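Shown next, in C-alpha cells, is the structure this report addresses.
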Amino acid sequence: ASGSAIKLAVTDIEGLEMLQREFGAFRDILSEKLGTEVEFYPVPNRTAAVEAVKSKTIDFVLTGPAEYVVFKQLTNSTPVIGFSRPDYYCSVVVLADSGINNIGDLKGKKLAIGSVGSTSKHLAPLQILADNGLDPLKDVKVLHTSVDLGWQSLKRGDVAAWGMTTDKFLKLRGKDKDLEPGAFKVIARGPDLPNDVLLAAPHIDKDTIAKVKKVFTENSDQLVGAILTGEDNKKYAGMKFLPSVKDEDYNYVRSMYITIGYPKFAGFVE
Amino acid sequence: MKSTAELSGIQNYKNLPNRFELPSAWKFFLYFLGICFFIYSLSGSGLSGGDLVRGVPNMARLVGEMTPPEFSRIRSISLAMLQTFQMALVGATIGIIISFFLAVLASRRNSPHPALYYSTRFIIAFCRSVPDLVWAVLFVASVGLGVFAGTLTIIIDTIGFCGRFFAEAMEEVDQGPEEALQTIGATRLDIVMSAVVPAAMPSFVNSSLFAIEKAVRSSVVLGLVGAGGIGIELKVAMDMFEYQTAATIILSIFLLVIAVEQFSITIRSRFM
Amino acid sequence: MLLQSETTYIDSDMISGEEIHLAVSSLAKSFDGRGVILDDVSFSIKKGDAVALIGGNGSGKSTLLRCCLRLVEPDRGEISLLGMPVTSLRRSPLRALRSRVGLIFQRHNLVPRLTVLSNVIHGSMNSGWGFRRWRQGFAPAEIREQAIGCLEKVGLPHLANSRADQLSGGESQRVAIARALMQKPDFIMADEPVASLDPKVGREVMDLFVNLIKTENITFLFVSHDLEHALTYSNRLMAMKDGVLHLNGETKDYQTADLHEIYG
Amino acid sequence: MKSTAELSGIQNYKNLPNRFELPSAWKFFLYFLGICFFIYSLSGSGLSGGDLVRGVPNMARLVGEMTPPEFSRIRSISLAMLQTFQMALVGATIGIIISFFLAVLASRRNSPHPALYYSTRFIIAFCRSVPDLVWAVLFVASVGLGVFAGTLTIIIDTIGFCGRFFAEAMEEVDQGPEEALQTIGATRLDIVMSAVVPAAMPSFVNSSLFAIEKAVRSSVVLGLVGAGGIGIELKVAMDMFEYQTAATIILSIFLLVIAVEQFSITIRSRFM
Amino acid sequence: MLLQSETTYIDSDMISGEEIHLAVSSLAKSFDGRGVILDDVSFSIKKGDAVALIGGNGSGKSTLLRCCLRLVEPDRGEISLLGMPVTSLRRSPLRALRSRVGLIFQRHNLVPRLTVLSNVIHGSMNSGWGFRRWRQGFAPAEIREQAIGCLEKVGLPHLANSRADQLSGGESQRVAIARALMQKPDFIMADEPVASLDPKVGREVMDLFVNLIKTENITFLFVSHDLEHALTYSNRLMAMKDGVLHLNGETKDYQTADLHEIYG
C-alpha cells in the first residue's frame, strides 16, 4: 500500500465532489475505526479504475458485480466485503398500451439500456432477453443512453422497451408528472443480482484485508448509517455487509458476459 | 566620477527613440496582477516532471496493449464511421451556412447595427457555452433518441465555433479593397460578398473543414446519448478492455482527420 | 512634347459652369501621436475644373482626398461635395454621394484573388444590381461588355481573366482606373494615378481624363509628383506643404520654378 | 431561322471571357460524386422539420425546468470554476507555447524540411485524433488521476487545435514582407519572428484565447480524469436531475466565455 | 536643372573595375496562363555600373529583378550574381548571396504593425545577430544608431516610431530604401525607387545612390518610368519590351526621343 493513507475508489461515482457527498461520512468513520486515513480517489470509469489498480495507485475499490468480474480477471483482486442490498434486480419496461406483452414481442424492436458494462443497466437486461428466448445481439436493436434519456425515449415511443434497475424505474415513475404509474408495464424481471463488493488490489497484504473485514463486521450499523446519508445511496437502504463473499457468487454475472458477446470475461465458466 | 552610462559609451548615441513604450502605472499593475494569477494557477495545476517521467513505463505498457490493432471488427467500425461522418458532414454543412450569416452580423465592421452585433455575438457565445452534453440531452429529450438529435447538436456546435472564427476572419481582412468598394457606393452586403469573402476565403475553408473534423470527433458525446456513431463503439471497446479494437478506432479517426486536413490544404491552395 | 509647362492643356476660361462641385472650409485632421496632418484647409472646385494637387511626401494630400469622402473622419471643418454636406450625411445618402465620385487610390486597393474583370465590374455597383456585380460570372452581358470597354481604355482587355494580385505595378494601377471609369462618376479624384505607369500610357491616361472633362463635363482632382503633368493637365493648381494649402490658383499663373519651392 | 443566341441579342457582344471556367471532366465527376454523397448523407442524418417542431414543447419544458437557476450551491460552483479556469489557463498556455514551435515546422513555407513538415503535421493531427476518453485512461495509468492529468489533457488538446490554426495563420500571411526579409538574407527563423509573427498576431491571439475558453469548456473531460472542476459538477447535476443547478453552471460558463471573448477583442485590437 | 538628358551624371569611362557583377544569359520565364514573360534575356553588368532599366508596363522588369535573386524560379537560363551561380545555389549560400544585394521592391513590402525603426533594423539581419534584429527594442544601440542614420539619409528620422502601415506612399517607399541601405549592400536593385517620391526627395535619393556608387563602389540597377532619371543617373541603359531586351548600351548614346520608341 502507498505509505500511510489507503486509497479508495468507487466506480459508479464520477468526481470527488459527488464522492464526498455520497460516501464522505462513510469514509470518516472508516478512517477512524481503521486508524489509517482513507483517501478518495475518483475514477471516471471502470477502465480507468482497472488501470489504476494495475499501476498500484488505488488500494480498494467499491464496485458492482459486473465490474468485479472484470477486476478479478484482469488484476486478480480479492473480494473483501459484499454490500448486499434488497430488491437489486432489473426490469424490462414498456408502455402499457403498446401492445407488447412479453419479451418475444420485442423482436426487431428497439431497446434502450444504460451505460456499457454496467451490471443492472447493460448486462442484466440483456440476460433477461436471453432467458426469455431472444438473442439480444441479433433480435433487437440496442441503444445505450443515460437513465433520464432512456426514460424520456420510452415515454415518447422512440424505443419499444427500456431495461433498467428497478429502483431507478420506480423512482422516475414516482416523479413523473405526465403519465400515471399505470401507464407503464414491466414485461419481465430478472433474479436478484449478486452483491456490490469492496475489493482489494493484489498489492494489499492479507493482514490489511483482515483488518478491514474486521472493521466492517464490528461497526456494521454505524457504517450502513453513514452510507445512507448520501442521496444516490438511498438504493442501499436495508443493506447488509457480507464478510463471507466468495468469487463463485459471481458466476451468474460471468454467464451474462457470454450473453452480451464478451465470453473472455466468463472465465472458467463455460 | 563618470556615470555608468558614460563609461559604457552610451552617451555617444544620438537621441534614440525608446526601446519600449513603458506601460502606464495602471496597466503595469494589471500585468502584474495577471502574472501573479498565472503563478498561483501554476501551483494549482499539479505540474510535475517527476510524475510524468515515472509514468512513462506504464504508458508504454498500455500502448503496448493497444498494438497491434485488431481488425476483426473492422466491418462494424467502418459502418459506424460512415454514419458518424454522414452526421458530421450534414450537421457541419448546415452549421457552416448559418454561421456565415451570423458571422456577417457579428463582425463589427460589417454589422448593420451595434444591437445586432452584440446580439449575434451573444447567440454565438451561448451556442459555445452550453456543453455538448447538455445540448445532446436537450435534443434527445425534444426530438427523440437518434441521429437527428446528434445532427442538431453538431449544428449548434458548429455555429458556436464557425460563427466566431468566421467573424474574426472577416475582421482581419485587409481594409484597402473594402474602402475601395465603399467609395464606389456599394452596400455593406456587396462589400462583404465582393471584398471580404474573397479575402477571408482561405480562413473560411480552414475553419469549415476543421468544423467537420471536430464534429466527427465530438461523436463520442453523441454516442453517450444514443445518437449512434463511432463514439459508442469506442466506449464499448474501452469499457470491455478491447484496447486493440480501440486502437483500430483511433486509427480510423486519425485517418479521417488526416484526410480532411489534406482536403483542406488542397481546397485552400485553390483559394490562395 | 514632354515639356508643355508654358501652355496649359485646359484653360479656366473654357470652363462654362459656375456650379461649385467641392467646397472645403477650415478642414483639420490630426492622428494620434502624429500631430496635425491637415491644418485649416479651405478651397473650392468648380464643376468641370481639372485641379492638380501637389506637395511633398506626407504633406497630407491623400488624407485630404480621404477626408473629402469621409473615409477618414475629419476633426473639424465643412465639406460640401456635389452640393451635399459630406460631414453630416447619414449612411445611405453618403453611399449615394460616394457612388458619384470615382476615387483612384494610391495603393490601388484591388480585391485580390478575383479576376481583373470582376474588379472592374465592381465599379458598377453604384447602380445597385446586387449580386450580379459580385463576380464577373454573374454579371449581365452588357455590364461585362462595358467593363471590357473600360479595360480597353486603359489598354488591358487581354488581362480580363488574370488574377488581380498577379499584376505588375502599372497593370494594377490601370485596373484601378478602369474600375473608377466603370462608375461613370461626376467627379474623379485620383491619387497619383500615373505614378506606376510608363510614360506613354501615363500620357494616354491623362488625356483620357481630360477628354472626360470635355465630353462628360466631369470634375477632376488629381495628386501628382510630376510637375509637368500637374502643369499640363490642369487649369487649377493647389499645393500642400505640411498640411497647409500653400498655393491655390490658376495653373497658367505658375511656372515650374515656382512649384519647386513647395518642396523646400 | 435565327438561333436563340441571336434572338436574345447576345451576338452583339464582343469576345467576352467565359463567365466560369468549366471544370474538366474528371473534376466534374468528382463534384458530382461529392454531391451524391452529401445527398446520401442527408438521408442518413435524420433531418426532419416535423420532429423539430413537435419537439419544441418538450424542449420548452426542459428549459422551464432549468429556470430559475438555483444559486444555493454557488460557492462550490465558483470554487470549481476557479479551479477549472486555473487548469485551463496553465494547460492552454503551455500548449500554446508548444504549438507555436510545432506550427512553425508545420507550415509549408517555414518548415526547414519536408520530412519535418509532414511529421509535425502528423503529430498535431494525432493529438487531435485520440479522443479524450482514451487520454483519460492513458493518464490514469501513467501519472495518476488528478489535476496534473487534467492539465496534460488540456495541453494535448491545445496542441491539436492551436498547432493547426497557428500553422494555417502563418500560411495565410501576405508574402511581400517575407520576401523582403528573404532578400536581406535573413534566416527562416528571423523571417518567422520578424515578418510572419507580426502579421499573424491577431489570428494567434484569437486562436489562443479560444483555446483557453475551449479548455474551460472541455472540463467535462477533466472531470473524466478525476481532476475535478466545473465539468464534473455539471455532469453530476444533469445525472441527478438538478436542472436548475445545471442552469447556474451553464450560466457561469457563459459569463466566462463572454469575458474571454471580450478580452480577446481588446487584445486583438492592440495588434491590428 | 530638371532636364539633363544631354549630359549623363556618371560616365562609363569612370568605372574602374572590369569585374562582372551580374551576368544573365538566355533567361526565360513564363507564368501559367500568361505565356512568356521573359524571353531569352541576356546581359551583363560590371561592378560600379549604374544601370537604368526601362520598359512598358508588364514588360517584365520586376520579374527580371526577382529572377536575379531567385524570388521567382526562372524556367531556363544562367544567372551569375557577384560571381555566384544563382540558379544552382543551395539554401545557405543563396542566403549569403542575397544578403549582399539590396532589393527595393516596387510595393515596398514593409512589415506592417512594426515600427519604421524595426523595419529599418531588419536590413541588418544579414549580419546574423539573431533575435537582436527582430524588433527595435532588442537591437543594440549601435544598430539603432545606424538605422536612425539610414532614416536620416532618406529624411525620415522623425517617423522612427511610427507604424509602418500608417505611412504615406512616399514615406513607405523611403523606409524601404533606408532598409536596403542598412544592408550595406554591394549591389542595389531598385524597382521604381522614386515613383512615389516628390521631385525634390526623388532627386536627393537618386543622388544618394549615385554617391554610394562613387564612394562605396557598389553596383546599381534601377527600374524607372522617368526617362530623365534614367538618362541622368545611369551610365548604362537597358530597355525591355514584351519580355525581350530591346536596348542595351551606354546611356550617352541615347536621346529621350530614342527611348520613347520602346513604349510603342
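When the chains are written out, they are named A, B, C, D and E in that same order, and each has its own residue count from 1.
Everything below uses one rule, namely that contacts are C-beta pairs under 8 Å (C-beta built on N, C-alpha and C of every residue); 3 or more make two chains touch, one makes a residue touch a chain.
Please read all numbers here as calculations on a predicted model, not as lab measurements.
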*Treat touching chains as neighbours and tell me the shortest step distance from chain A to chain E.*
2
*Shared interface partners, meaning chains that touch chain A and chain D*: B
*Comparison of C-D and D-E (more C-beta pairs in contact)*: D-E
*From chain C, which chain is the farthest off, judged by mean CA positions?*
A
*Calculate how many whole Å lie between the centre of chain B and the centre of chain C, each centre taken as the average of the chain's C-alpha atoms.*
44
*Measure off the straight-line distance from the CA centroid of chain A to the CA centroid of chain C, and report it in whole Å.*
81
*Whole-Å distance, chain B centre to chain D centre, using C-alpha means?*
0
_Quick check on chain D: which residues sit in contact with 2+ other chains?_
58, 137, 141-142, 144, 235, 238, 272
*Residue numbers of chain A (touch at least two other chains)*: 45, 47, 51, 54-55, 146, 148, 156
_In chain E, residues with contacts to at least two other chains_ = 107, 161
*Please give all chain pairs that are in touch with each other.*
A-B, A-D, B-C, B-D, B-E, C-D, C-E, D-E
*For chain D, which residues are in contact with chain E within the complex?*
176-177, 179-187, 189-190, 193-195, 198-199, 201, 271-272
*Over in the complex, which chain C residues touch chain D? Could you list them?*
117, 136-138, 141-142, 144-145, 148, 160-161
*asked:* Considering only the defined contacts, which chain B positions touch chain E in the complex?
replied: 10, 13-14, 16-20
*chain B touches which residues of chain D in the complex?*
37-38, 40-42, 44-48, 51-52, 54-56, 58-59, 62-63, 83, 85-87, 89-91, 93, 121-122, 125-126, 128-134, 137-139, 141-144, 146-148, 150-152, 164-165, 168, 171-172, 174, 202-203, 206, 210, 213, 217, 220, 231, 234-235, 238, 246, 250, 253-254, 257-258, 261, 268, 272
_Complex interface listing, chain A residues touching chain D_ = 14-18, 41-45, 47-48, 51-52, 54-55, 57, 146-148, 156, 175, 231-232
